[in-house]
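Presented sequentially are two complexes of chain A, the first with chain B as partner and the second with chain C.
Showing the complex of A and B:
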């Protein structure tokens, strides 16, 4: 597979029938989903004229519960079809009490998080007390909005402060800011709208909320190629922050998924009749 | 402390013809139609609470009608982040207006004019705020209803609509609007149009707010949903007698 430049358009030539509507990034990113699936295969332009936003790799979730928030994400960073990092940590700290889930371009979301952490640090010193979640989210929004032509990132900011308690703020492409009781983002989130419409409840307990997040990320990983690896969660409340890490074997199996084995040989030796059929 | 923006050298638009200056953008999270009508005692605006992300109905609690000062209502369709920015500009405007503390306050005409200048100047720099705005208000008994588009087009009228509402709601307004409508009649008219938009606009959701403004002040309703009607006998078996049609 190689890229050629022709009159300002990035043309993709591959051997196998790779759908040319796939957008290949020129930098390592948190996975790149396809354009809206209704578009037919077209030449990928570097200055696209399309109106529909393209989804971004990753699955990220933020959920409030009674007393705190649970942030969740998968751990796959992809460059095109290659998984550059299978154990990335997309839930980044901004302050002691505010974390951010990042999706979209890895570089863009990382640098914005770094800037916001820097500003929040100074702000905390000046304020003399922990920064609020709202301030953190709005700093992210400012950078996102003012540089909307250049940045490609959708994030979820979540945390706890003593004024408003548990809060989740969504900052999607473009720099809109929206406070929500729960938020989902990234390409994997497409598969979760129905799940959350059904399963979301107000006033869950911490354990219920964490279970919901893990289940959701796991479902998204099952169907989204740009999401995978482990499920990471970060729980933030008045008592502090707790990080968790769920590997594949602790996650439930979904439709058409099989119990992982060490080897076929184990199956062969344990079963008696007709293990290999024609 | 204004955060430093990133340099345009790393712009993802650097392959386009003008590097350094911002070029035409495209919207991401968008709101659909806003409707506005004048009635006997004031002005009423209506809109749904949807924020679409392309074809996904992603956000369902986006309030697209806001009160500005004491005398004005602003409704917006288009890019929500740009609407949020406009609200910040207006916050500052109203703050300075209040600080004068001179018994005078900005009315809908002033707000309309201000927004018109903002939109038109951005358009001239090829960096528009991607919104269609509806400004309604009452000041000193005088009712006002107007619209400003993303390229700076602006006008006043007795009834306005943005987006799909232009095509679906305005014909109904032209037919059924009356100068001396009561609030109830205005609501019925708006709801009729909202229902049509719900049937025919893919980006509409069934969650609305109606806002009214009179000399007494602003009221924005709680979000609510409308019943829809699907029980036409022809709907039950639409291809009867013409198999294969739709």
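Showing the complex of A and C:
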């Protein structure tokens, strides 16, 4: 097995499996899941600026705490102004102890995750023990870097292994790999840099870290149009993996966000019955 | 690891025709048998080690390297148009699971050992190794013991001169596979010669 697999690993060729009509997603279909890449570009109300930096819909976060990691993400998959899926799961499993937060093109990040899961499975069998987080992250970035012309995805790989403990690796657009105590990604992350600079600290407890992640994602949801829905978190430590789910209505509201309103009729009936005056 | 390198000619430069090769920063191989076959195995091991690191981003675990080399050696026993390797190899390395020693035989079999010997004097050498309390030795002490064993096992009647080649990988060498430093090597040789004289005197 190991005499031939090496050659197969590192190329996603434009042969079988990649539609020849695949085009680069353009500004009018921001973010996660570019469904209109096969149809002619739609004229939208706004004037797309093709030279502007391409933002990815999503907020993804990975944070280490004392003994583990907490990965968090929103759940909005948007195509332009339409929300294709409001409850998507952007945190995908690679191995028992390593998970990946995906942002950017849904197809690209899914296929890379599938490849890496497959390679890690083989690697685990050969090694006879669980793969390390570093190896998982390295495989992701090799695929990301060597196919940078075709792929568009920014991911955060996080997990726990017995050698190095809790680790977070950021693999953004070009295929860099960077180990960090915490990482943020996706379009919503732009609004979180200041927040983390202020609130992040080394050696948090599991609950503190999870609270921090949920607070951060909800802040990003408040400000970023391409992020929304629910907050999903995955906590990984020596004892295993725990998934959590925070419904949209349980999230805190922030400055200038509207109070939830039931219906216009209730508002109108609660005010005076007199007709409006000039 | 130590090798009794028989000197076939007085014209040979000391230190040439090395029998111990570094495979990666953290591991090395000592070869016994046909030297050319040994070089082939070492080259293959080097290439496996570098390609593993390129793909997985971490130094190859010694166990994995041993299995890959064993697979390659075994390959040459499967086809009628290939002959088996005419040499056995000792692979010593230090990875995140600690120091490890593996032996790969021409049949393609590979086991992990606390102490191993290949070559003409291996039976006698193994007996000597079994007398040692390996768990209590430091690497420095191990170097001296290996030298003593090689000198003890050397057949004075049949093979005349030999050169002692030694390498180590331990905490003291910063977990890198290196030639044993000259001063320690001289110390080991002296101790080995002294032990021989003691034995002869009995």
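Heads up, the rule we're going with is that the second predicted complex is superposed on the first by the 206 of 278 C-alpha atoms of A that agree within 3 Å, B and C clash if a C-alpha of one lies under 4 Å from a C-alpha of the other, contacts with A are read in each partner's own complex, and residues count from 1 in each chain.
In the analysis below, a residue touches a chain if its C-beta (ideal position, glycine included) is under 8 Å from a C-beta of that chain, and two chains touch if they have at least 3 such contacts.
What you see is a predicted model; the values in this text were computed from it and never measured.
K.L.:
Once chain A of both complexes is superposed, is A:252 in touch with chain B (first), chain C (second), both, or neither?
P.N.:
In the superposition, A:252 contacts neither chain B nor chain C.
K.L.:
I'd like to know which partner A:190 touches here: chain B for first, chain C for second, both or neither.
P.N.:
In the superposition, A:190 contacts chain B only.
K.L.:
Is A:240 touching the first partner chain B, the second partner chain C, both, or neither of them?
P.N.:
Touch partners of A:240: none, neither chain B nor chain C.
K.L.:
Comparing chain B against chain C, which has contacts with more of the residues in chain A?
P.N.:
B
K.L.:
Per the contact definition in the header, classify A:142: touching chain B only (first), chain C only (second), both, or neither.
P.N.:
So A:142 meets both chain B and chain C here.
K.L.:
Show which residues of chain A both chain B and chain C reach, each in its own complex.
P.N.:
Correct list for chain A: 139, 142, 177.
K.L.:
Given the complex with chain A, which residues does chain C contribute to the contact?
P.N.:
51, 55-58, 61, 63-64, 67-68, 71, 96
K.L.:
Which residues of chain A touch chain C in the complex?
P.N.:
Per the touch definition, chain A meets chain C at residues 2-3, 6, 9-10, 123, 126-128, 132, 134-135, 137-139, 142, 163, 177.
K.L.:
Per the contact definition, I'd like the list of chain A residues that touch chain B in the complex.
P.N.:
Per the stated touch rule, the residues are 8, 36, 38, 46-47, 50-53, 111, 115, 119, 122, 139, 141-143, 145-152, 170, 172-178, 180, 190, 193.
K.L.:
What does chain B use to touch chain A in their complex?
P.N.:
These residues of chain B touch chain A: 1, 3-6, 8, 10-13, 15-16, 22-23, 25-29, 51, 53-56, 58-59, 61-62, 79-81, 84-85.
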